[in-house]
Each structure stands twice: as structure tokens, then as C-alpha cells.
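For reference, the structures are reproduced in the following blocks.
Look for chain A in each of the two complexes below; its partner is chain B in the first and chain C in the second.
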Partner chain A sequence: MARKILLENIHIPGIKEYEVYRKNGGYSGVEKALKTMTPDQIVEEVKTSGIRGRGGAGFPMGLKWSFIDKKSGKPRHLVVNADESEPGTFKDRFLMEHIPHLLIEGAIISSFALEAHLSYIYIRGEYMWVFKILEKAIKEAYANGWLGKNILGTGYDLDLYVHCGAGAYICGEETALIESLEGKRGNPRIKPPFPAVSGLWAEPTVVNNVESISAVSWIVNNGGAEYASIGVGKSTGTKLISASGHIKNPGVYEIELGLTVDEFMNSDEYLGGMIDDRPLKAFIPGGSSVPILPAQYIFKTANGEDRLMTYESLADGGFTTGSSLGSGGFIVYNDSACVVRNTWNFSRFYHHESCGQCSPCREGTGWMEKILHRIETGYGREEDIELLWSIQGKIEGNTICPLGDAAAWPVAAAIRHFREEFEYHVRFPEKVKNIKHFVDEPMEKVRHLLTKTVQQ
Partner chain B sequence: MKVTIDEHTIEVEPGTTVLQAARMIGGDCVPPTMCYYSKLEDCGGKCRCCLVEISKGSERDPRPMPKLQPSCVTAVQDGMEVKSATSPRALEARQAVTEFLLINHPLDCPVCDQAGECDLQNLAYGNKNFKTRYIEQKRTYEPEDIGPYIQLHMNRCVLCYRCVKLADQLTPERVHGVIGRGDHAQISTYISKAIDNNFSGNMIDVCPVGALTDKTFRFESRVWFNKPFNAHRDCPHCSGKVTLWMFGDHVQRVTARKDEYHEVEEFICNECRFDHKKAEDWVIEGPRKFEKDSVLNVNNYTRQLKKVKIDTDDLVLEGRKQDQKKISMSEFPFDQAEMEAIKKANEE
Partner chain C sequence: MERREYKQEINITPELQARIDELLSHYPADKKKSAMLPVLHAVQDAHENWLSVELMNRVAEILDVKPIEVYEVVTFYTMFNQRPRGKYTFEFCRTSCCTIRGGEDMIEYACKKLGIKEGETTEDGLFSVVGVECLGACGYAPMLQLGDFYHEHLTEEKFDVLVEDCKQGKIKLD
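Now for the complex of A and B:
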């Protein structure tokens, strides 16, 4: 059995409740941190742990904390990013729903480390029931003296609020989140200045993912070195993976980073293999915005090494033959899935969620969606494939925030690895007008049609 | 601080943006802008028209920046080297942005009041050989009445946010904004006919396209048929310095004075803009100058022209000076008529 950090106590009935959580060692991290450690010591521990931001970008968390501007003397804030909206990712919801006090405990310690006295959890609008769970948990924490004035008699004050967004993917981007938290329209800000210098109300702010913050109490209790001993290289600790798609056991799993993709996918402890006897076609390791990978690059990298569940190994090969760990939204497809339809679905999402602030993303996402929709429904043209390739290349890197990149990458990867499917859609429109086209006739069976058309 | 843009080096104050530095240099290296407005704070970074390549970050950190940077919000570092018009990457990205801006922009320039002074027109024109690759239907919006003076054509909007920033910074209360998101985001008052602030008319001037136009000038005249004059009046609300757009003796439109980047020099009030359409209300200073390549110059007599006199015939008759000397039959002097002709020629 692999080690569990976040989901260690998840099997205990009633862990959602304060009493049960406390009885099982909950809030001991706060006691240790506030009574025996200085803020700088905690930051050092987190740095030693090597934990990287679990929201998707994988930026080292300790480093991020050390950037916060303490010299200016302005009030500082911690904002927990619970605006988990990436298609395929549902790990934070699981964590907050089943063990909410873990997040609150982490938020208290992190706020103390950052010397923040006012912190927020920003949760997406669609998670209304989780919002209520967190509100209840925060109330319990206040009632038991973990929040408020003079916590544990140490003289440290902290107010923690949970704020509900209105349901926008873009508000998961840290500066858009801050804008939304300030009560404005959730448009990403132009960086610099970075939130560590000028964030919430122009005051130094750190924005961290729920999963990252939830790991802090364990790091404080057990030491950063202990955390760093798990994992491979710069990918330390454990990671929650939310698995979905054509697999036997979908759900949220905590894995030690460094597990092979093969083991994760096929062992009974985790996903248990494919859902039925149809073969594996593709997978997305980190939520909808990371590149999709075809079967030949899933278990092995292009160099023939084992593909591991780490930041580095999944990114091995760059965008040509690699992908990214992202936020851990693990989506598996068998050969009945249509990559074009899947890409269209993602594009539709990004089109809907683009904030509309900068031109390439506002116009480009809509354009890509329309083209993909045409191709998928049998109205595509041969030149549309090149057009899509060109549009994605012109969005990528030219936008204010990473949403533009997130919209461009899946399209690029789909064309890069599954161009034949696009060609099939364009050349055999009558076949793809049947919505179950690949369920009835997978690509394997129709591939010969494409080679025929090339010969003509 | 020293910054080099397209091989031109210039010394600037710290805090200057790359775009401002480029404008100081002038010429080809000035990137086009749709959303940036130097007179408004925090306005820019959105349209991505002004992307430049930064080939050297600074003297201290000479690494090039991997991504193209929006020059309007990128501050100059000491020793920075920027490629603007000399960077194929930046030019391609700008071209792409133009294409993106145009896919949903209606091509109704023939009936658009902004035509001739439209930044998007100029941007698209600068693209050269533009063919659309967009075959889908363009996005459209329901018409909306936002107030008595300003006509909103949401279909033409490029969401530059200039009018929003202007209302934030120039008027006490902003009553319009952006609602919705993505390519269905729109400028709206939500409550119709809500815009009535006395400085709201400046929204028309800052709008780079024909999304916000002057209702009192609507379909009155094409802008290039007007003669623009600088004029002023004694106004209790604003500086009163305006440009009058005249047709004969009629004032058809009043706008603020715009510089070469089409940015207003001094904002004016609605009273000056909409309520004083008689020439006698104004003190006319003289013709307004525009940059050379603007269509607005077509009908604009800003230069004083000398009358051209063609005097080839006279010169032929007079002959050259050396021919006026008698070289043959020198013992016979000129007669009276000849002497007079020579005298006249010498005098001139």
C-alpha cells in the first residue's frame, strides 16, 4: 500500500465532523505550528518538502511563499483557490466535501506562515453544497478557538472566510480570482505586478490550490524532509488524481508521485484496467487543457522509458510526444471515443469560459469551436485542419492569461496525434453524421479508407 | 534608462513603457494600438495589437523574453532591446490579432460613421492582401439604446474597454460596462437610456471603431467631406478647445482635438459637443492638421499653396544671358527695342 497523506483518515466514518476529525489528530498541526514554530520556519519546511502547486502549473509552493512582500508592511492575505473547474478534475471537491477541516487546518497554518490575518477560500459557484460544508466547518473552527482573535493564546489573529464565486472557469486564474473576490468582473490582471506584491486590494497575496494547502498540516507535523522522501526527483509527495473515462474504477486516488502510469492504470488498487475489452486509444493526464496522448506514448516515453506519474516524466518529450501532470484530471479513452468530438467538447468549454478581455482568446476560441463543430457533424472541409492548426498557433502565447494556451493545446495535440481522424471526418461526412461513428466502426476498421483516398 | 527599439536607441525615464518609448522614436517602429489610451490610466494590454519581441531583457538579465510582450504595458528596463517592425514573429502575431478582430466585425464600413477615422480600418489596411478564412456567421447583438446622444453598435465593438475606463475615470458614476463573457461579452447599460453624464460624449472619441458614434452626426456626412477646423469657445465646464467638422458654413460635428495616434488632447463636455452647432458660437482658429496618410486629408486644405506660374514661353523669347551679348556684327549696336528687352530681362 502506498502512503496516504491527504486521504489518510478518509475511511473513518464521520471525519467530516469536527469532533471526529479532532479525535483523530486533527488540528495538531496548528498547535505545533503556532506554539513551537516561527513563520519563517514553516516556510522553510514547506520549501524543504519540495511540494509543487497542485492546481496545474506545478510552481514550487515554498518559493511562491518566499516571494510575498513582507517589507512593505502592508497586510498580507492567503487565498485558497477552490475554483476547481477544469473538465476532468474533481479532486478538490472530494477533499472539501469529505474532510473539510483538513483544508481549514492547512489554511490556518499557511496564513500563520505568511503572517496573514485575513484569508479567504474562494469556491466556485457550482459547488454550493460544498460551500455550505465549508461554512459549517469554519463555524466549528471559530467555536473551538482555531480561528478568531488570539488563537491558542499565542496572540495570533486570523479571520477566514469562504467566498462563493458565480461559476466561472476563468476565476481559477489567480488574478481573475482576486478581481472576483474584490467584487469586480473576473478578468485576469496584467502581470506584473504579481499577486505576491500587489494582489487582493493591492496588498501582498498568495493564492494556492486546495490540495496544496491541505498538505501543509502534514508537512508541519512530519517535517518537510519526510514529505520530500516520497516521490521522484523534483516531484515530491503525493498527488490526488481524479480518474474518469473508460476505466473500471473511476474516482479520486491519492498516489505517490513516481508511480508508473501502467501500474496506476492497470493495478486493481487503482483504476483496474479498461472498462471492457475495447482497446485503449488515448489519455489525458492532467485535465482538459493538457495535450492528449495516443496509445504509443502512454506507458512509455518516446525514448522507451517507463512513463511515471511525475511532473517531469509526463512532460517528457515536450509537446511533441509528452503532456503534463496538470491538475491531475486523468481521462482515459477507448477506441469508441471520437477525438474530434472530444476536442470540440473541450473547445466549446473554453469558448464558453473565455472572459473576452483579450482578442486572440475571445475570438479564437469561438472560431475553433465552430470549425470543430462543423468537422464533427460532417460539414468540414479539407483546409479546416490546417486552419485549426494555424488558429491555435496564433492564440498560444499571445494572451494575457493561460486560458488561451489551455484552449490551444488540446486542439494542437489532437491534430498532432490524431490527424487521421480529422481527415476521416472531413472525407467521409456521411459516416460521421452517425453520432456513434466510432462506437460502430472504430478507427482501426476504417483506416484503410483513408489510405485509399490518398492513392487516388 | 536606455532602450533600443528596432536599432534606434533612446534614453527614457524609468517607468516608461516600450510603446511610449517607441512613440518617442516614431516612424515604423511604433506598434499599432486598439485598446491602449495614453490619457486613461490602466488602459491597455487587451487587444494584443502592440505585441513586440524583446530580444534582450535588460543589461542585468540579457535573456530574451520567450513570449511576445504587449508593449503598452511592458515597462522599459535599462539596456532592453526590442524588435517591433523588424520582428517577423511580432508582425505575424499582429496580423493574427487583426484577423481575430475582424472575424466578427461587420464589414459595414460603407454605412459606418467611423469610416475614414477608424483604427480597425487602418489596422486591417496595414495588413495587406487580406483574405478572410472565416466562413461562419458573424456574431450579432440586439440593438440597444444607451442614451440620447450616443449610438451604440455593439456588432462593431472590439471590447477595448476604453469607454469603460473613461467612464470610470472621467465621470463620477459609471452606468455602463461589460456584461457577459467571451465572444458574447458586450458593452451595455443594462437599464436602457442610462447614459446622461455631461462628459459621456468622450466615449465616442475614445472608441477606436464605430461602436460608439455621435447621434447628432449620424448619416450627416462622410468624415472626409468635412473640413476640420480648430476652434474654441468660453465653456464653463471644459477647456472648450475642439475640432469643428464643417461643411460650407455649417458645423456638422464637434469633436475633441485628436493627436496623431487618434488620442484626445483635452476631453470636452457634452454641451460643447452636442449643443453648439453654429459657427458663430465658436472662435475658429484655423484648419486642423492631420497625419499625411489619413483619408481625412483628402478634403483638407491645411497647407498654403502658391499659385503655380508656368513661364516657359517668356523665357524662351528672352533667351539666355550669354546670348544677349553681341558676338557677331559687334560694331553695330543694339537698337532701342533690343536694349529695352535686355534691360527688362536683367531687372527680373
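Now for the complex of A and C:
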């Protein structure tokens, strides 16, 4: 039986409420941390645990904490990133909706470790009902002495508030999030300086994902070494995966890192295989920004090894035959899905969400959207495929923040692995004008048309 | 699109003022501007879900900032509206994970049922249909947001019931 850390108590009725949460061992992590540990000891435990940022970048969390500037004497802040907007990702919402006190408990311990006295949870504006759940939970935490002045008589003061965004994907990028929290447009900042030195109001700040912070209480209670004993290599602990697409059981799952993709996808304990018994065509393991992979690279790496749900195994093969664990937004496609249409859909998303600061991203995402749209609707040209390839290459690496890369990678991967679909679209425009073109005639059935045109 | 002048009556009620004061208390006294997004949400919610220039100017006074600082924020974030929308605005997710599970069909159905195009509002000002980007409900597709709430695992039948409930005033928006 796989171990659960975040969702261990999720089945308990009423776990959303303070009393039930407390009765089931809730806030014991805060007691242990504040009464028996020093901030540095907590940072060490988190380092030992090997936990990596669960928002998508996978940066070691303990290391990030150790960068925070404690020498300048300026006020420090923890900001929890609950601006979950990566397409395919809905795990943080699940945690906050069903067990909000786990996040608040983690935020208290983490703030104590960073010696912060004013911290925020930045939640996306569309999650307004979750915002209200958090507001209520924070009130309960104040009422029971877990927040405010002199917590547990230890002399430690902490104020924690929840702050709502207003519909901008870019605010998930940590410096854009900080700008937004300062009441501005969400334009990412040039780094360095990093937030650990100059973040919220130019004060040292650590920004961590909801899932990462929610694991802190368990790590404090059970020790970093125990956490690190779960998983494989540098992928320690558990990870929430939000699964969607053409699978039998979509939803949020907590897995031990190291599970095989095959078991996750096909066992009844998890996704239960494909719906409608249509064949698997492609998947995206970590949210829309990471490369899409075709069926042959899903269960096995290019070397023929089992593909595992770990940071390393999913990235095996680089971007040529691998992808990335990213945020854990696991999207599965069957053969009725059109890769061109899907890529156009994502490009529209990135174009819509580009903040507009850097020209390669502002203009490039729009060009890609337009070109993909004309290919998808039957007005594409043969040279459009090369044009797309060229544009994505000029965005990648040339922008202030990673949104540019995130917009370029899906396009590059789609062309790399599914070039024939793009060719089919430009050569048989009449066939693709029906938007459900692959429902009745999947690529498998029409592939022979392409070889014919080549022979001619 | 035709140009129309929309008028908005500004009314900072005592309840709204109390909420604004509470939100301002979450930030250091010299960092009032940080309350921008929460205050805009509160003010917009109390003013039929949109923000006129006059109302934005009032928010600037509340936050001690220049009006331009409010305009640039309102125009950046999609959740702030600069003109009135239907009382019941159906915001359908149109991003990949939803579309492959019938999201596009649902938008088409909604538009047909209400006799409007995506982005439009019905003559009576009651309903709007808008396509929006990923709302974080990918596993529960297709879905729409109405007010503060999500309606997931949508079907045509469920949408019919929802529209009927709206007409009868049975739907809570916040």
C-alpha cells in the first residue's frame, strides 16, 4: 500500500473543520517546531528530506530556504503560491478545499523557520470559494492561538493572510506574484536580485507552492530522513498528481515518487486505463508547458527502461524523447485528439497570458497562435511548419521569465513527435475543416495518404 | 462593437467600507497599495460586477494612489470588468483538458440555447457566455464558473437546469 503524507486523513469526515483536524493530530507539527526546535534545525530537516518545489520547477526547497537573507535584519516573508493555473493542474485546490488547516499549519512552521512575522497565501482569483474556506480556517487558527502574538507562549509572533489574485496565469511566476501582491500588474522582475534577498516590498521573501508547504508539518513530525526514505534517488517523498483527459478515473492522486507510469495509468487504484477503449496516443506528464510525448515513449524510455513517475525518469532523454514531471498535471490523449488543435489551444492560452514585457514572447506567442489556427482550420501552408519551428526557437531562452519557454516547448515537442499530423493538415485541408476530424478517422487510418503524396 | 455609454451609481455602503477596512488591515500601514486586488474585488462585487472610470478613481482615493495605478491593474487582470456583463455570466473553460472532454460542445450548446455568440450578452442583460482559460477543474470537465462557484461534469441537461434556476432567481453568485 502506497504511503500517504498529504492525503492521509482526507477520508475523515469533517477534516476541513478545525476541531476535527486538531483531534486527528493537527497542529502537532507547530507545537513540536516552536517548542523544541530552532529555525535552523527546521531548515536542516527540510534540506534532509530532499523535498523539491512542487509548483513545477522542482528546485530543492531546503536550499531555497537557506538563501533567505537573515543578515540584513530586514523583515522577512513567506508567500505561499496558490496561484495554481497551469493547464492540467488542480491539486493545490484539492488540498485547500478539503484540508485547509494542513496548509496553514505548514505555513506557520515555515514562517517560523524563515523567522518571518508577516506571511501571505496568494490564491488565484477564480478560486474565490476556496479563498473563503482559507479565510475561515485562518480565523479559526487565530482564535485558537496558532496565529497572532506570542504563539504557544514561545514569544513568536506571526500574522498570516490570504490574498486573492484576479485572473492572470503569469502571477504563478514568483516575481510576478510578488509584483501582484504589491498591487501592480503581474510583470515578472529581472533576476537577480532573487526574492530571497529582495522580494515583497524589497524585503527577503521565500515563495513556495501550496503542496510543498503542506508537507512541512509531516517532515517536522517524522523527520527529514523518514521523508527521504520514500521515493527514488533525488525524487523523494510523495507527489500529488492531477490527472485529466481520456482516462477512466480523472482526479487528484498522491503517489510515492518512483511508481511506474504504466501502473499509474493502467491500474484500478489509479487512473484505470483509457475510456471508451480507444488507444492511447499521447500524454503530458507535468502541465501544458512540458513536452507532449507520443505513445512509444510513455511507458518506456528511449533506452527501453521502465518510465517512472520521478523528476529524473520523466526527463530521461532530454527533450528529444523525454519530458518533465513539472507540476504533476497529467493529461492523457486518445487517438480522437488532434495534436495540432491541442497545440493551437495551448498557444492561444500562452498568447492570452503573456504579460507583454518581452517582445519575443508578446509577439511570438501571437504568431504561433495564428499560424497554428490556420493549419488547424485547413488554411495552412507547407512552409508554416518550419516557420513555427523557427519562431519557437527564437522565444526560448530570450525572455525575462519562463513563460516564453513554456510557450515554446509544447510547440517544439508537437512538431518533433507529431510532424506527420502537421503535414496531413496542410496537405489535406478539406479533411481537417471538420473540427472532429480525428474522431472517425484517426491518424492511424489516414497515415497512408501521406506516404502516397510523398511518392508522387 | 457598438459604442455605448454605461452609467454606474457609486455606493460605498457601511458594509463595503467595513470590508475595505478589514482588507487594508492585512498590509502594513505604509503599503496600502498592496490591498489593490482584494479591494477591487470587493468594490466590483458590490457594484454589479463592473468598474467604471469613476469607481476606479474612488478606489485610487481609498488606496492613496494615482488613478493610473488603478487603471493599469484593472486592464491587466481578466477578472475586472470595464463594462457591465450579464447578471449570470457563464464562464466556460476552453483550454485543452476541458475541450477534449466536450468543453467546446458545451459552449456551442450554451450559445445556441441562449441565442447569442460567445462573448455576448442576451438582450435582457440576464445571461452572458464567455470562454476563459484553464480554471483548474481539468479532471471534472467540462465545466463553467458562475459567480464564485464552479459547475463541473456538465451535461446539456445540467446546463438547462442551471439556466432555469437562474431565471427563477434560485442561484447564489457568492
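Convention: the second predicted complex is superposed on the first by the 456 of 456 C-alpha atoms of A that agree within 3 Å, B and C clash if a C-alpha of one lies under 4 Å from a C-alpha of the other, contacts with A are read in each partner's own complex, and residues count from 1 in each chain.
Convention: a contact is a pair of C-beta atoms (placed from the backbone, for glycine too) under 8 Å apart; a residue touches a chain by one contact, two chains touch by 3 or more.
Note that the structure is a prediction, hence the values are computed from the model and not measured.
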Once the shared chain is lined up, is A:185 touching chain B (first), chain C (second), both, or neither of them? both
Looking at the overlay, what does A:87 touch: chain B (first), chain C (second), both, or neither? second
Tell me which partner A:370 touches in the superposition: chain B (first), chain C (second), both or neither. first
Which partner does A:145 reach: the first (chain B), the second (chain C), both, or neither? neither
Can A:201 be said to touch chain B (first), chain C (second), both, or neither? second
Which partner, chain B or chain C, touches the larger number of chain A residues? C
Classify the contacts of A:352 with the two partner chains as first (chain B alone), second (chain C alone), both, or neither. both
Would you sort A:168 into first (chain B), second (chain C), both or neither based on which partner it touches? both
Thinking of the overlay built on chain A, is A:362 touched by chain B (first), by chain C (second), by both, or by neither? first
Once the complexes are superposed, what residues of chain A are shared between the chain B interface and the chain C interface? 168, 185, 352-353, 355
Can you tell me which positions in chain B touch chain A when the two form their complex? 34, 44-49, 51, 66-68, 70, 73, 92-93, 96-97, 99-101, 103-104, 133-134, 136, 139, 158-159, 161, 177-178, 180-185
With touch defined as at the start, can you tell me which chain A residues reach chain C in the complex? 84-90, 93, 118, 124-129, 132, 159, 161, 163-169, 180-186, 201, 242-246, 250-252, 288, 329, 331, 333, 336-337, 342, 345-346, 349, 352-353, 355, 435
Of all residues in chain A, which touch chain B in the complex? 168, 170, 185, 190, 351-360, 362-367, 370-371, 374, 387, 394, 397-400
Using the touch definition from the top, list the residues of chain C that touch chain A in their complex. 26, 28, 31, 33-38, 40-41, 63, 65, 69, 72-73, 76-80, 94-97, 99-101, 104, 132-141, 145, 148-150, 174
